[in-house]
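Note that the chains take the letters A, B and C in the order they are written out, and that residue 1 is the start of every chain.
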Amino acid sequence: MPDLGLNVLLKGKNMARLLGGLWVALRISLLSVAISIPLGILLGVLMSGKNPVVKAILRVYLEIIRIMPQMVLLFLVFFGTTRAWGWDLSGETASVVVFVLWGTAEMSDLVRGALISIPKHQYESSEALGLTKAQTYWYIIIPQTVRRLIPLSINLITRMIKTTSLVLMIGVVEVLKVAQQIIEANRMASPNAAFGIYLVVFLLYFLTCWPISLLASYLEKKWR
Amino acid sequence: MAEPILTVEHLVKGYGENTVLDDVSFSVRPGEVVVVVGPSGCGKSTLLRCINALEPTQSGRVRLGNETVAYGGKGLTSLRQRIGMVFQSYELFPHLTVLDNVMLAPLKVAKRPKDEVQKEAEALLDRVNLLNKARSYPRELSGGQKQRVAIVRALAMHPEILLFDEVTAALDPEMVREVLDVMLDLAKQGRTMIIVTHEMQFARAIADRVIFLDGGKIVEESTPEAFFDHPKTERAQKFLRTFTFDSVK
Amino acid sequence: MDWNVVAQYLPLFEKAAWLTLRLGLAGIALAIVIGLVCALVQYYKVSVLRRVVGFYIQLSRNTPLLVQLFFIYYGLPKIGIRTDAAVCGIAGLAFLGGSYMVEAFRSGLESIEPIQTESAYSLGMDRMQTMRYVILPQAMSTSVPAFVANVIFLLKETSVFSAISLMDLMFTAKDLIGLYYKTTESLFLLVVFYLLILLPVSLLGSLLERRLRYAGFGA
């Protein structure tokens, strides 16, 4: 039976290289999420605030970021900044910039959604009990918002990880690129390795994202 | 005396440990109005749901004419066409107009011609004073109007017997009357009905026979006069006392 | 920006946009079919199939489309399953989109109270009639917002088709940037054409959503 890629993967450091590629992708996503979440919370609070100018500006930002495919954003930042300002961003830096822009937009919308989902009478009944505004937020509103928000933020992590696969297209050497290199290097000895190796990449992504998704849906059910 | 239309024989129904219906038997003759009363959780609603085979039972059976109405049984859809049911929460189809709600089953289930069905549906709506709402959607109607449409929707299938499951319980007090009047009118027309209700005055007025259900068992079964004026059992007396406030004074 | 260059490249992008739209819509149509079938399997709790569907949803939702496409386009031919790039693109999009559509339809179906079904049964309807005349029409309109969001999401996802050498908008832009360094014009056209595809869908979506909200069925 011809080798479908397993032998190639077990040869030398190939598996370790593949995992190293996955780590590059994960590093970009985790860094982007870590920056996006606090920024998104800030913008989300501002968006549910009262200042109409701030709200309008944020709305435009959100809509622009959300309507464009992330890949287009990557191209704009990676190629566009070079053209416009002569910056020579590395693929990784450009990716983090794009994913932070995107992640912040998504997170701010989640925060806004969670905040407006708290019924008005929750505010009113706290007020009726004589709580101050700060107390109302601290004891009543924030705990409820956080419970709604945590599962959604965890989901944002899996979305971020999946989106990070795109960085291949601007030349970042991540797991798919490493897979390509391994397949190319073993083209003569194992011409059919692409099947097994891409299957392994597929499973690696699955094994990374699946537990996170399970956690998110577990928390969602628990806190509903 | 005429043969019964519907017979309930030794019906037993429970959820796990909990017995809801415990060996319930009775029958309904053509044109008869049977009212089932009893405290909350006595199994009244479950009884109606079992008659229409919306729920499985542990033992016993329900017979409509010479046929058995069984949960998941053969020919259930055609048997159900012969039994009309009206729910507490109306359950009109919100995406259809009043007229389409009424016509849906006669057209798609009974496969009757459209002209005839529409003419009849309009006549029935007229009879409950809702012809002007034929093109409205359920959300535009009041609770009382919705419930009258639900009754018409059941009637449009020409059922041999009608089941009413606390049909006024969800209504604002001022709308209860308009629905009860429709039911009184049906009784006058000689319709066969089983009515579950909390409206004792109404029960007394419409019933040919009252069944008092408590703890899943039929505790008393008698004429409305006998039941309301001279309840035989302690439980029935206690139940009826909850509707008066004499003891408070 | 050189408008002559823009004018010169316009036809290339137009052609690419049609490809993006054609493949995108085909994939979405298939995804709707997959989504509806799987949602019904879950709704009726069909014994074994239900587990298969659950596994498919997890697999599809927890992997990136790009990786799915690499496996379908470069991996599967090695075990004899060979198709052209367009079919791969459609298949990949359908595989991904199916699981998103299931969620949209499932939440629509679950939003219909079981007593609506009973009320249909009590009129003598069978399961098929109840689904067709009573449950589905209501579930569909509840699903509209999630459905529109999915359509937009999937159209955006088509941007990875260039990775399997389909000459879509991304491919065209990358090509022109790589070959002729016409970065500004290419990026401009890229954005304009994606807006042309996505803005109408997005606007239609919010219009539909608003209408449904005001016409809300309610009790």
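Simple rule for what comes next: a residue touches a chain if its C-beta (ideal position, glycine included) is under 8 Å from a C-beta of that chain, and two chains touch if they have at least 3 such contacts.
Since the structure is predicted, the reported quantities are computational estimates derived from the model, not experimental observations.
In terms of the stated touch criterion, chain A and chain C have no partners in common. For the criterion of most C-beta pairs in contact, the winning chain pair is A-C. Put simply, the chain farthest from chain C by mean CA position is B.
Our note on geometry: chain A versus chain C, Cα centroid distance of 20 Å, whole angstroms.
Once the centre of each chain is set as its mean CA position, chain B and chain C turn out to be 46 Å apart. Centroids of chain A and chain B (each the mean of its C-alpha atoms) stand 56 Å apart.
Those residues of chain B whose C-beta lies close enough to touch chain C in the complex are 49, 52, 54, 77-78, 80-81, 83-85, 87, 89, 91, 93-95, 104-105, 108-110, 137-139, 153-154, 157. Within the complex formed with chain B, the residues of chain C that make contact are 115-116, 118-126, 129, 133-134, 137-138, 141, 216-219.
On chain C, the positions that touch chain A within their shared complex are 58-59, 61-68, 70-71, 74-79, 152, 156-160, 162-163, 170, 173-174, 177, 183-184, 187, 190-191, 194-195, 198-199, 202. The residues of chain A lying in touch with chain C in their complex are 4, 67-72, 75-76, 79-80, 82-84, 158, 162-166, 168-169, 176, 179, 183, 191-199, 201-202, 205-206, 209-210, 213.
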